[in-house]
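Labels for the chains are A, B, C and D, by order of writing; each one numbers its residues from 1.
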Amino acid sequence: MVTPLLDDNQLDQKGLENLIEHILSGGVHGLFILGTTGEGPSLKYSLRVELIKRVCNQVDGRVPILAGIMDSSLKESVYIANIAKEAGVQAVVAAPPYFFPVSKVELSGYFNQLLSEVTLPVYLYNQPTLTKLTLDVPLVRDLLKKPNVIGFKDSSGDMTYFQKIKSLVREHDIPLLCGPEELLAESLFAGGDGGVSGGANVFPALYVDIFDAMAAGNFEKAMKLNEIVFMVSNILYSGGDYGSGGVINGIKSALAHFGILQSNHVVSPLSSACPFTPEQLELLQTTINNR
Amino acid sequence: MVTPLLDDNQLDQKGLENLIEHILSGGVHGLFILGTTGEGPSLKYSLRVELIKRVCNQVDGRVPILAGIMDSSLKESVYIANIAKEAGVQAVVAAPPYFFPVSKVELSGYFNQLLSEVTLPVYLYNQPTLTKLTLDVPLVRDLLKKPNVIGFKDSSGDMTYFQKIKSLVREHDIPLLCGPEELLAESLFAGGDGGVSGGANVFPALYVDIFDAMAAGNFEKAMKLNEIVFMVSNILYSGGDYGSGGVINGIKSALAHFGILQSNHVVSPLSSACPFTPEQLELLQTTINNR
Amino acid sequence: MVTPLLDDNQLDQKGLENLIEHILSGGVHGLFILGTTGEGPSLKYSLRVELIKRVCNQVDGRVPILAGIMDSSLKESVYIANIAKEAGVQAVVAAPPYFFPVSKVELSGYFNQLLSEVTLPVYLYNQPTLTKLTLDVPLVRDLLKKPNVIGFKDSSGDMTYFQKIKSLVREHDIPLLCGPEELLAESLFAGGDGGVSGGANVFPALYVDIFDAMAAGNFEKAMKLNEIVFMVSNILYSGGDYGSGGVINGIKSALAHFGILQSNHVVSPLSSACPFTPEQLELLQTTINNR
Amino acid sequence: MVTPLLDDNQLDQKGLENLIEHILSGGVHGLFILGTTGEGPSLKYSLRVELIKRVCNQVDGRVPILAGIMDSSLKESVYIANIAKEAGVQAVVAAPPYFFPVSKVELSGYFNQLLSEVTLPVYLYNQPTLTKLTLDVPLVRDLLKKPNVIGFKDSSGDMTYFQKIKSLVREHDIPLLCGPEELLAESLFAGGDGGVSGGANVFPALYVDIFDAMAAGNFEKAMKLNEIVFMVSNILYSGGDYGSGGVINGIKSALAHFGILQSNHVVSPLSSACPFTPEQLELLQTTINNR
C-alpha cells in the first residue's frame, strides 16, 4: 500500500480512508504498509507511527495488517515494531539494513538480534535491489527455525531463488509471497502462496482474480489476466528514466486521477512527477472493466 | 570520530571524554562525528542527539565540529541538523539518501530541498560505497552555487573524480577533504585541503604530521609517514572478511586496548569482534612512537 | 552440450560420440554447442572448428544443431559462423561481445553489422551474467525485424524480462528458449517454447519429460519432475565457491563417472575439480531411474 | 597505442608509420600495442599478427615494445605471445580472461598456466572495468615470485590498490605503471614508475614532460601540466554517453584531424563517431603548443 500524503509532513487522511476501502473492496487478503511502495524508509518517524495507527483503526480487523520495519538502525526497527504491536498490527516485515554492506556473519547477527527483540511475528523480506543485500539460502534456512518467523516475501524477481526458498518454507508450513506483480501467476504455479502487488493499490480485483484463477486450476484464465497485468505495469510504471522506475509516482498519480487520493505527493528522494496522460488512465480503466 | 558505546543504548561517557581529549591532543583541526566511522545511520536517534550535545560541551569551541546528517528520510536529516545547530555544531555533512536508487534528477531535487531546509552550513559528502549513489560532477557544479555549501568530503577513493571536484571547489574557494587516509598525502599533492582519517581516532598526530609535512613542502617526510599509515591500516583494518572491512571494530578495539574507551562495542549490523592480538597493537604503538 | 576434451588441445572423440548418442537417446529436439556450458570462448579456434565438424557428422541431420559464435571480435564470430554453415549447422547463436562495456547505440550497431555479415539464421542470446551486457527490450524489438533472426535464448533467469521478450517474439512467431533449467517448467507455463538445459547432458530425458508434461497440460507431473531438477542441480552444481558455480566441471565429472566421457577435463580459466562423491552420483542415478 | 585501421579488415599502414614516428618523437620510453586502447580483443587475429610485425619493423629497436595478449582463451593468448616473440617484442601484457567470472582459485590457476606457457617476459595488467576481475593483492604477491613477471600495469584508478601493489613490486625491483593519464603525476608522487597514457597517442611530449618534471622534483611544473592533461581529457574523451567513454574514437578522430592517421575507423562494438569540432581540436593544439 502506498502512503497517502498531502505533503512531507501530513498524511492525506481522507485519501487514506478511501484507499483502504478501495483496496479491501477488491477482495485482498491483507494489507502491507510501510514497505518499499509505502516509502517507509523515506518517511519521518512521526508519520510512520500515525500511519500505523490510522490503518489499524480503519481496517478494524477485517484483514491482517503487515507493517514494514526496515531501517538502517536496528533499534529504530524495534521501536516501530513496538508501535505496531500496540496498534494491533498482526506481523512486521523485516529486511536487511541498508547502509553498511555487511558480511554474511554480520547479517546473520543482525537478524538474530532483531528477531529476539521484536515481539510481533515476523515476515522476512528479501529486497536486494534496495537493500543491496540478499538473504541467502543458508541464512534463510537458519532464520526459519525461529518460532516468530511466520512468512517470507521475496521481491528479488529471481525465480530460481524463489523456488529454493519455497523448498525451505514448505518444511515450516509458512507462506511465501512474491513481490513483482508481473510474476504473480508464475510464482503461484511454482508453488508460491500469494503476492504483494503494487498495482493492487489501483486495481485490487485484478490480482485477486489471478490468485483465485490459479487456486481453481484455471491456468488459461490466469495467463490472460497476466497479460493485462503487463499492460497495466507498462503504463503505470512508465515514469521515465528514474532509477526508482516510476512505480510509486505512477500508482499515486493514478489514484489521484481516479479521485481516491487527494494528492499524488511523494516524498524526496523520489519524485511526484506524473508520468502519464489522463487518456492513458481512462484506457486502462476501460480495459480493466471489460476484462 | 567513532562513537564510544557501552551497549546499543548507552554512550560510553568517560570514553567519549577521553577520546576527544586524545584526538585534540594530536593537533587535529576539527572533529567529524556521526559519519560512517561514527556509525551514524546505525545509531538510534536519541543516541545521535546525546552524542552531538556531549561533544559540543566537551570540545567547547577549541576546534570546529562537523556532524553527519545522513539518513534515508530527508526530514530526519533536517531534524538532526536542527539539533546540531542548537548544540553549537559548526556545519553538517550531507550524503545522498541510501535506500532508493534514485535518478540524477531526483538526487538533484533531494539536495536542493535539503539545502533549503537546513540552516547550518553544509559539507557535501560523496560516499558511493555506502550510499550506492555518486554525487556526479554536473550535480556538484550546481550544488556548489548554493551559499550554504562550504566544503566537500570525498570518500570515493577515486582520485580522478577527486581532481575533477578539486577544479570545481577551487572556483568557490572552499575546502576539499579526502576520506581514505591511505590517500591523504597523495590527495594533498593533488590539491586537496585536508583529510578525515579514521586512524586519527587512534594516532591523531600521525595524520597531522603528514598534513604539516606536505604544507611545508617536505614531500619525502610525508611519504615516509605515508608508509606508516599503510602499516597502521594493514593491522587496524584487518578484521577478516567482513564487508565493512573491519574498520570500526578495529579502531574501537585499539582504543579499548589503550585504555581510552571502556568498551569496543559496535552496534549491529556491524560486529564488535576484535581482529588483532595485543602484541600487534603494542608493535604498532612502538612504531608510532619511534617514527 | 559440454565440449568433451582430453586436454587443452584435443577433443575427446570417443566421448563426443558417446555424449551425442546419449543426449539424442533422451529425446531432445536439438543440440546447442559452443555455448557457455560448451566453454566456447575459452577454447582455441581450431578446437571450435573441429568440434563443429565432428558434431555435424555424428548427428547427421537427426536433430537441428545450433552453434554459439560468441566472441569479443565480431569478425571472428563471422568466421565461426561461416565454418558452421559449411559444416551443416542449422543456426548460430549470437550474444553481445564481452570485453568493452558498450552503450546501447554501440550494441545495436554491433548486432546490425553481425546480422548483415552472418549468412546462417541467428538465435539471439541474452546472457548478462557472462557478457555483462543485456539485450534490452527496445533493442530486441528492433533486431527481431531482421529476417535472419529466428529465435531467442534467454539465460538471464529474470522472468519479468522473459515475459516481455515473449510478447515480442510472439508477434514474429519465433521460439523463445529458457536457459536456467530450474526455470524450464515455469518458463513453459509463462509461454516459453523450450529450454536449453545444461543438466540434459547427463539426464536428457528428465528435461524432455518436463517439456512433454507441460505440453500435455499435465502440470502436476511437471512440477514433480521440477523438484527432481532442483535435486539434480543441487548436487551437480555444488562445486564449491567458484564464480562459475561448478556447472561445467559438475556435468563433465558426472559424465566421466558414468563412462560417457573419457575425461572430465575443463580448460582454464575454469577448473576441472570434481565436486562430488561417487555415492552422490549413484544416489542421483537411482532417483532418476525411479522417477 | 591505438591501432590505425582503414576498415575492419585492413591496417592503415601509412597511418601506422606516421603514428609511431609521431609518438617516438615525443620522447616516450616504450610502446604498448594491442591493449584496451589498441582494441586488442576486438581485432581479428590476422590483424593482431600483422600489427605486431609492422610495429616491430618500424620501431626497429629504438624503444621496447609491449604487446597485449588479452583473450578469453588462454591458448590464443599463448599463440599471440609466440607471434610477438618471433617478431621481436620485448614483453607481453597479460590481463585476466574476460568471459567467465571466475573465482580466486581459478584466476590463480589461469595465471600460473599462462606464465608457464608464455616464453616472453610478462607485465601483469589489472584492468577491472573491462575484464570484470581484479588481480587482488594476495594473487599479485604470489605471481610476482615468477621470474618471467617483469612489470605491472594498473588501470584501476584505485590509488589505494596502486600503493599496495607498489609495496609488493618494490621488493622485486620491477616497474609499476599507471593507466589513467589523469593520475600520472599523482602516481609518480606515490612511488609509481611511469604511465601508459592514451592521450600520448596525440600529444606524447605532454606526458613525457610530466614524467621528467616529477623525476626532477619539479612538482609545481608537473601539477601545472597535469591541469593541461585534464583539459585534454575533457575534450578528447567527451564522446557522448557511450559506455566506452569515447576514448578510442576521440584519440583516432584527433589523429585523423591532424593528418597522422588516414582514417578514424574503430571496429565494432565501439563507435567511430567523432565527438568534437575542429575548433575544439585547434584550441587544444594551441594550448599544447603554448604550455
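Note that in this section contacts are C-beta pairs under 8 Å (C-beta built on N, C-alpha and C of every residue); 3 or more make two chains touch, one makes a residue touch a chain.
Keep in mind that this is a model prediction, so the values were computed, not measured.
Q: Just grab the chain with the largest centre-to-centre distance to chain B, centres being mean Cα coordinates.
A: C
Q: In whole angstrom, what separates the CA-based centres of chain A and chain B?
A: Their C-alpha centroids are separated by 35 Å.
Q: Cα centroid separation between chain B and chain C, in whole Å?
A: Measuring from centre to centre gives 49 Å for this pair.
Q: For chain A, give me the residues that contact two or more of the other chains.
A: Within chain A, no residue touches at least two other chains.
Q: Mind listing each pair of touching chains for me?
A: Inter-chain contacts occur between A-B, A-C, B-D, C-D.
Q: Enumerate the contact residues on chain B facing chain D in the complex.
A: Answer in residue numbers: 157-160, 163-164, 167, 180, 182-183, 185-186, 189-191, 219, 223, 226-227, 230.
Q: What part of chain D is in contact with chain C in the complex they form?
A: These residues of chain D touch chain C: 8-9, 41-45, 70-76, 79, 96-103, 105-107, 109-110, 113-114, 129-132, 240-244, 267-271.
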